[in-house]
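These are the structures in question, set out in turn.
Paired with subunit B in one complex and with subunit C in the other, subunit A is shared by the two complexes that follow.
Entry: the complex of A and B
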């Protein structure tokens, strides 16, 4: 035990105060238990197959795909913050960049892990790369997410190598410095990859002609959902980052980011959310009046199946779309931390609801005269895998916060100090 | 994926998609490879120690990066922008010309005006034959006492300024002592001899970066203040200083102190 305390203390950066080792271990215990349960559930699914879930041939997307879509949207803060800092030179956001990278890594690695369980047959995962179906949006998603995960790992590596003990190894320290110098390249690459896979995830639903609730017209080969997903991810990425930072601040009992960082992220998030809500409203109007009627459906019929009434549409666009956009953008509310966080929480809820509607409501609704309204309730294995991934995220973030410079220490080499 | 793999089509969509994919993969791989290559290159060209030191210096608390002229009382408040390498400081001559305020030091740590001091608590003595003798200063000796083990570099090996000169262990703590100057090791001593290394400088020697004269007491006074703070009990009430001198072998005398933090601050580890 004494050794553990010593190791823990030596891993924490000098001059930084963290909770006691014992308290930290107590904090980790429930999350580790959830991860263990999740691993067990995932192993059952991989061993026995998807009969362990409540998905079937008609309800092929369930809780896991919802988790994927949600996490990838929330993880957009990583690439977007990197883009803002390194490409648009918004240096004042630099102190939260490391935290954004960790959030992104958690979201994308969690999403990939769940996808591997969902797709099954992980030993054949390479097939999708070796024999790609370039007509499928999913192929683009698979390629981009995999590549971006590697980009995130490369972006996380310098953060990891800044650990107090890692820094003592000269080759690690020099490698961290050299890799850090190339992070702008990775930030640009991340923005490129994210743009396409966020879009393709949306496009995936928009091209479903057999699902008129989701089917959308669009531009060239891309349905409107392609662009809506990009916009919504850009909008909520910074909001989710603010929520994570605020949660970490509450748990740590100290301020981790300057109020100006919150204000800036809030404003960026609010403006983008406003554009998204406007685009979403126009898209919905076109769908209501043109797209769905063109294929012989009365759009309001889709909302006659409870609990998916039209109130859900209103909820998504107004209280969880327009309202947070106003809260985050208006100077009066943007200056108040409470309102900014409230706006961020509403914005994230709105986009999570959007992903839920597109995944679950789309598949639940009947599309043929002899179809019934389908009900789907996830099995315990699906729930356990889902919560296991969330718990993994909490653990990775907690460890990173404790042992790595996540906030305000992204100064790298002093500006006045030149390295040979 | 490739023309010889089943499912490949010579269609524009296929070619564009896969080309973009390969460009992305090549960019990721080349970025990683370039970082490794540059790292290896830094070690090959002997820039690695300098890079490590400057990265480490940037992470030190401001209180540990104070300019030598502030220590001597020539300036009120200045953080060193040159990683303690005054040889490249454009303002050195300007500040050195200012009058120094001599600080008195009566805390049981002595220093010699014949020696030059490095902030990592080593001293340097130029010898008549051109060699440089290096030892631990008195404050560091008071802290460590007799080390459990000492790992000295082999004779003939090169030591780089601000790199690791030698390592010691004491009560389970590893101590890396920073080299105050570059050079080739010509002889090694130890705590019994009172000095640890004799170096033959690589180039014509320039010791301008080392502390001397009025700078030394100012620096040591600051170091003793730091130690007092680090050794004080958390949440202790304000109390009157009672004077006294620094005990010897503090690591044995105060095993419960946060030696991790004390040693890191003393030997300039971030």
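Entry: the complex of A and C
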């Protein structure tokens, strides 16, 4: 125990105040337990097969795909903040860049880990790289997410190497310096890759001609959902980053980012969300009046199946789309932290609802004339794996916050936490 | 000769006996259902679905829809989405071929298929002791974690090709290649042939006034045609009936 305390103290940067080792360990215990349960559930799925889930031939995608789409949208703050700082030179956002990278790494690595459990033959994952079908949106997703995960690891390494003990190794210092020089390039590469895989995730369902509820017309080879997913991810990434920062501030009991950072992220998020909501509304109108009818379906029939009524569509576009866009953009509300965070939470909920509708509602709806509306309730193994990934994220973020310079030095921010 | 294999299924002749399902399973080494399998997790490359007009008593009418892969000929939904080319359309025959040995088990193709004609192997294949001796040596058993579907009995096609080659012929004799379901159907409801051959009986049947295809409006050009003289069946297939109910065999 004494050794553990000593190791913990030695890993924390000098002059930085952190909670006691014991308190930190107590904080980690429930999350570690959830990860352990998640690993056990995932192991069951890998050993016995996907019969451990409640997915079936009709509901072939389930909770895990929803988790993937949701997490990757939330993780968009990583590439977008990098893009804003290094490409658009928004230097005032630099203090939260490391935090954004960690959030991105958590979201993407968690999503990839779940995908590896979700496929029937994980050992054949390399087949996609060896026999790629260039027409498949999933190929685009696989390539871009894998590449971007490597980019995120490369972006995370300089943060990791700035740990107090890591800095004692001279070669690590040189490596970190070299990596640091690459960061702007990585930011650009990350933005490029993310642009495509966020879009491809939208395209994943938009190209499904056999699912008229999800099928969309588009531009060239990309359905409209391709562009909507990019826009919504860009909009919600900064919002999620604000929520994570605010949660960390509450738990740490101190300010970690300047109010101006919140205002700026809120404004960017709000403007993009406004554009997204407008595009989404237009897309929905086109789908209602043209796309769906062109293949002989009455679009409102899709909303006749409860609990997925048209109220869900309204909820997604107005209270969880337009409203947060206004809250985040209007100067009156943008200046107030409470309203900004409220707007950010609504925006994140709206995009998560959008991913739910696209993944779950699409599969629940009948396609054949004599099909029924389907129900799907995930098994405990699916839920445990899901929560395990969330818990893994909490642990990685907690460890990174404790031992690494997540929030850069900025005037007006508690100097005790500024180790960057 | 241009070949586009397909089925024409006369629903008015189908009694729902399920012989086609059994024949399909025996021919293609489909294992018996696992103890925990449900109608939604079983393996039924050919599935007979019961539908009704929704009425009760003397007014009630029922029909059976044998559903297998429709071997879509245009914008084949499953082919475009598979990330590793485990599905392809055989240019020579029009058969949509699933290659389980290349399948990752991502199930994107199942999501894409509007006919729900694709099946995932949720369990390891297992046969009761002794029953493995009845396996068809010409068909590979699929492992757990991959997708399978109707491939139009490829072992029978290979056999017909071998026979033709042995006789020095370039083309197979149509009588030598009939998928198990069509062969087993006791009422002759399922007919199989070359939809591109005007002299073939399936061509005539597919172009008859009572023929239709499920979800033809999607534009995927399915190569399975159905026939019925019953207006309510045709109305149901055209999605005009809101009163259809459905049950499943197997």
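The rule is short, and it goes like this: the second predicted complex is superposed on the first by the 407 of 420 C-alpha atoms of A that agree within 3 Å, B and C clash if a C-alpha of one lies under 4 Å from a C-alpha of the other, contacts with A are read in each partner's own complex, and residues count from 1 in each chain.
The criterion applied here is as follows: a residue touches a chain if its C-beta (ideal position, glycine included) is under 8 Å from a C-beta of that chain, and two chains touch if they have at least 3 such contacts.
Keep in mind it's a predicted model, so treat the numbers as computed, not measured.
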Touching partner for A:167 - first (subunit B), second (subunit C), both, neither: first
Partner chain(s) touched by A:120 [first = subunit B, second = subunit C, both, neither]: second
First (subunit B), second (subunit C), both or neither touched by A:132: both
Partner chain(s) touched by A:154 [first = subunit B, second = subunit C, both, neither]: first
Contacts of A:242 with subunit B and subunit C, given as first, second, both or neither: neither
A:186 touches, of subunit B and subunit C: first, second, both or neither? first
Touching both subunit C and subunit B, counted on subunit A across the two superposed complexes: 130-133, 135, 139
In the complex, subunit A residues that touch subunit C: 49-51, 55-61, 118-121, 124-125, 127-128, 130-133, 135-139, 142, 204, 207-212, 295-297, 363, 367-372
List of subunit C residues in touch with subunit A within their complex: 34, 36, 38, 40-42, 49, 51, 65, 67, 75, 77, 80-86, 102-108, 110-116, 118-124, 143-147, 214-215, 217-220, 236-239, 241, 244-246
Interfacial residue positions of subunit A with respect to subunit B in the complex: 6, 9-10, 13-15, 129-135, 139-140, 143, 147, 150-151, 154, 164, 167-168, 170-171, 173-179, 181-182, 185-186, 189, 192-193, 409, 411-414, 416-420
Parts of subunit B lying in touch with subunit A, wherever the complex brings them together: 1, 5-7, 9, 11, 13-14, 17-18, 21, 24-25, 27-28, 31-32, 34-36, 38-39, 42-43, 47-52, 54-59, 61, 81-83, 163, 172, 176, 260-261, 264-265, 269-270
